[in-house]
Amino acid sequence: MLEVSNLACSRGDHRLFSGLGFALSPGQIMQVQGENGSGKTSLLRTLCGFIQPDEGRIAWEGADVSDLAEAYYSRVLYLGHLNAIKDELSALENLKISAALSGVELGESAAIAALRRMGLKGRERLPVKVLSQGQRRRAALARLLVSGAALWILDEPLAALDVNAVALIEELFGEHLARQGMVIFTTHQPLLVSGTEMISLSLSAP
Amino acid sequence: MLEVSNLACSRGDHRLFSGLGFALSPGQIMQVQGENGSGKTSLLRTLCGFIQPDEGRIAWEGADVSDLAEAYYSRVLYLGHLNAIKDELSALENLKISAALSGVELGESAAIAALRRMGLKGRERLPVKVLSQGQRRRAALARLLVSGAALWILDEPLAALDVNAVALIEELFGEHLARQGMVIFTTHQPLLVSGTEMISLSLSAP
Amino acid sequence: MFYPLAGKLVPWFAVSSAILFAVGMYLGFVVAPTDATQGEFYRIIYIHVPASILSMFLYLVMAGYAALGLVFNTRLSSMMASAMAPTGALFAFIALWTGALWGKPMWGTWWVWDARLTSELILLFLYLGFISLHASIDDPRRADRASALLAIVGSVNVPIIYFSVKWWNTLHQGSTIKFTGTSMQITMQHAMFTMLAACWLYAVAVVLSRVRSIILERERHTKWVAELPEVAL
Amino acid sequence: MDLWMRANPLTYVWIGSYAVAFVVFAVEIALVVHKRKATLQEVRQLMDVEESE
Amino acid sequence: MNKILLLLFVVVRRDLVLAMRRRADVLTTLIFFVMVVSLFPLGVGPESDMLRKMAPGVLWVSALLASMLSLGRLFSADHLDGTLEQMLLAPQPLSVLVLGKMVAHWMVSGLPLVLMTPVLGLQFDMPLEAVGVLMLSLLLGTPVLSMIGAIGAALTLGLRGGGVLLSLLVLPLCIPVLIFGTGAVGAATSGMSYSSHLSLLGALLVLAVAFTPWVTAQALRISME
Amino acid sequence: MNKILLLLFVVVRRDLVLAMRRRADVLTTLIFFVMVVSLFPLGVGPESDMLRKMAPGVLWVSALLASMLSLGRLFSADHLDGTLEQMLLAPQPLSVLVLGKMVAHWMVSGLPLVLMTPVLGLQFDMPLEAVGVLMLSLLLGTPVLSMIGAIGAALTLGLRGGGVLLSLLVLPLCIPVLIFGTGAVGAATSGMSYSSHLSLLGALLVLAVAFTPWVTAQALRISME
């Protein structure tokens, strides 16, 4: 359960948003909408604690996230505009390392299975830098399959993905919500998750 | 007039495509389609001469592009997955420099007008690194407005753009085609250019 | 509000510092006797020692303010810290320069690589590092916090400077001013303390007026700045 | 230089250190004053822009 | 506790694997070190008396510079590709991750230098005991350099002109290490007791291990904002 | 021809603007140089006779370091953000662009060091004539360092594993420059004729201007594939 109240954030001289409030319970999904530069990324990064908000409170299961710190981080999976994968390592190594960093134990075969499901069959062991843009994004998104986090915070997960991959992501969202997970994401493309209503939060350009 | 015949290209052990041929005349637009990793980026980069093809010939107005070299480059505008803008410089400086590099003279006011049209009003002089993902892409795409190149080669120009910006790009394509330009592009999102038929080239995953 | 208060205080500090400078120099050059071993050269001491002491003292105060700003997120103390850095750097520079000038007649060279001299040079570099780090981060809050961390880490150096004469036996003079009694003649001491006070007051005045500019710059979007009489002019 | 120093120790001390110190002080004061002027100017400019918008 | 050790291990291994993939980086640090050290006899002339005297200083300064050269990459690669964000979000304390990165950095850029020292020391005609002390002092000192350097690397993350600003911030803080290190060798060659210098270096190392990971973690959080 | 000069000018100005934008960059390069030079006396000890003898070597090595530190950024920043692709597509010869980048790099990282040399030379108590020769040698030598370094930077751009060999090939190329440079100063201090050293340096510079831009351009095309 994530509760946000009266949140305000500014970058440079611009106030991006203020008085923002919402609550997300298990099984719910929220899309943050807004034009380019309206502050979507900034909002997501604030939720992850990378940016200190000017005002307001972000609470996870009733407690302030800045007090929870690591206890909160273990429940969150964030994927930003950057893929957070190393060009020199293979998709497999990348996945195993990022799982280890987030405290998940992951066997070789489970990792390979996850990458195959993301459509990287036969490319698990190539250095990521030879992969195509969409394949890199898929490699990054494979973390969704192996993480135990309850709250997914995804910034334009569909960037560079082809239609099949978009369908796959929709499927993954559905599964995650079904097991009482939560998703907050942004996108400029249409995305449909069957069987749930999508909460939508609109930011207006400053 | 761009003519491609019997083109073949491979990366690593994979043959991405072979026997590829097409021709593009002034006023025509072509979308390269295909799944993630099917070789769209590789094709576009081959057309620009970054990658040497295994076989085949790429001809510009009848002459081989590798013989034309700089004479061909001056007719081409390429924008890849990367934005080719400097984080430390402002959008304005970036635009002026990239125009100078491609041999175009560009006054301050023309540059500002181009950036405004791209929706960067009031942000022309901020260092690009503080801009949002979509704003950076817009700053990169502003080159379309000031370049004199006949052939635009654009790799996922719509990445990170919001709906307004997508509409703007469609408009720009229309204008470019109207003045007998040519466009080759890829995208995973729908894009409609009114008044012309789109040639479509499908690559299948290897 | 701090801004108008600082504005009122600056002239007082400035004037009293000017008076004390005058008195101190009178004492130092006219009243105090010539030193038996060092002749007239020793009179550099009246500027050298206050500058050295202030360069270290200001660093500590600056680190303290910076730490306050970092821990309690109080913006004023961060601004104070960044206002103090240039003044501190200048005092370090003066200490080095006058020391070098003194070294020429006393030790026969401008510069030796002795522990105290070196650590004072490090102090200057630390100030410069603080200033350049602050200058190269655009976001002022991030700049405050990053350079605060640097200031705190760097404050390890100050005790090294202070005790360097004890820990390493070097060319440089040991402490003559001690908490218990002193080996210095009384007029010399008066002159020295007057100069020290003068430098200190000067530093306060400059720092306060600099911090006023910084406040204005940072708060230029707020209403109270817009309503200031000097802005409305 | 050495000779001159020996002959005029007081002048040396004066010019060498005190003059330098006071020049430094003067420069600093000038900088502070200049910065104050510049900041005020900037703030006023900002006001004008806001008013005209 | 166990989990934390495991994490430390994961991070160290990851960075070592990455370093092996980018072997050029590792080797250039080492080659740089060897080159700088070997250049001095060329620049100064072949008088072996003087060479012997300057050997510890030259070796130490070169080691300091070599580890400085590789510092720029410590966090910046992770920053650019977004991995650092993920590290800040790791459910374990950030300072452990940071310690892991420091250890890996030292193993890649410090340890090879230490192992290379005997060869270079003999090139300068240093007495055997002095070479031993030099190695010991480097063994204690280079980790401190990596650790202090990490603070600077974290503070200058993503800044324009990072590399040079980094050295401006870090070099002054490294000077005590340099002084104690060369002091130890100097004492050893002139037959005095060098243990006090070495124990000072050891104390610095302990202090660095205790505090720098935490400070660096804070610096990273600040830089990521 | 005119157009090419204009392009050269554009590139140089662009890189200079970028360097200025990294506000304190030029200044910090200098401070770095000063600090590195000051470190050696700390490590070696304060005997001014020895210091004077090692001064040219120290200054030369430090100059090499300062320019090496900034070499990493020469192409890699442009590579990572895609600007390099655009440069390959420019309608003018790539070698001109490359030459522009080299010139800018030297103006930012080499020239200030040359100008700073007199002060540092005096700190080491060097005779005045030697300082002059040192400055001259640096003036001729640092552009060569920037140019040779550029080849290395281009070759190691985005290369896996194999980069080791290439950087091994490039580094030794810098050594002649250093030897001639310090040699000239050594000759000057010992009262011999230094003009042969300097003219060798000059010859190296001419060769470098003639060939390195072209070689670097080829290296870039290879690295970009």
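So that you can tell them apart, the chains are marked A, B, C, D, E and F in the order they are listed, and the count of residues begins at 1 in each.
Simple rule for what comes next: a residue touches a chain if its C-beta (ideal position, glycine included) is under 8 Å from a C-beta of that chain, and two chains touch if they have at least 3 such contacts.
Predicted, not measured: the structure shown is a model, and the values here were computed from it.
K.L.:
Using C-alpha centres only, name the chain that sits farthest from chain F.
P.N.:
Relative to chain F, the chain with the farthest C-alpha centre is A.
K.L.:
Counting only C-beta pairs in contact, which chains form the busiest pair?
P.N.:
E-F
K.L.:
Are the interface residues of chain A and chain B largely the same numbers on each copy, more than half shared, or largely different?
P.N.:
same
K.L.:
Please identify which chain has its centre, taken as the mean of its CA atoms, farthest from the centre of chain C.
P.N.:
It is B whose centre lies farthest from that of chain C.
K.L.:
Roughly how far is chain D from chain E, centre to centre by C-alpha average, rounded to an integer in Å?
P.N.:
That pair's centroid distance is 40 Å.
K.L.:
Which integer distance in Å separates the CA centroid of chain C from that of chain E?
P.N.:
32
K.L.:
Using mean CA coordinates as chain centres, what's the chain C-chain F distance in Å?
P.N.:
Between these chains, centre-to-centre, one finds 38 Å.
K.L.:
How far is the middle of chain A from the middle of chain B, if each middle is the mean of its Cα atoms, in Å?
P.N.:
So the centre of chain A lies 29 Å away from the centre of chain B.
K.L.:
Return the residues of chain B touching two or more other chains; collapse runs of consecutive numbers into ranges.
P.N.:
81, 88, 127, 130
K.L.:
When you check chain C against every other chain, which residues touch at least two of them?
P.N.:
Residues 118, 125, 128, 132, 136, 139, 221 of chain C each touch two or more of the other chains.
K.L.:
Could you list which residues of chain F touch at least two other chains?
P.N.:
Expected reply: 21-24, 28, 31, 35, 42, 45, 80, 160.
K.L.:
Note which residues of chain C are touching chain F in the complex, please.
P.N.:
109, 111-114, 118, 121, 125, 128, 132, 135-136
K.L.:
Where on chain C is chain E touching in the complex?
P.N.:
Going by the criterion above, the answer is residues 115, 118, 122, 125-126, 128-129, 132-133, 136-137, 139, 141-142, 145-146, 149-150, 153-154, 156-157, 160.
K.L.:
What does chain A use to touch chain B in their complex?
P.N.:
Per the touch definition, chain A meets chain B at residues 11-12, 34-41, 81, 119, 123, 126, 130-135, 137-138, 156, 159-166, 188-189.
K.L.:
Taking the complex as given, what residues does chain C use to touch chain D?
P.N.:
Against chain D, the touching part of chain C is residues 25, 29, 39-41, 43-44, 47-48, 51, 86-87, 90, 93-94, 97-98, 101-102, 104-105, 202, 206, 209-210, 212-213, 216-217, 220-221, 225-226, 230-231, 233.
K.L.:
Can you list the chain F residues touching chain C in their complex?
P.N.:
22-24, 27-28, 31, 35, 38, 41-42, 45-46, 48, 123
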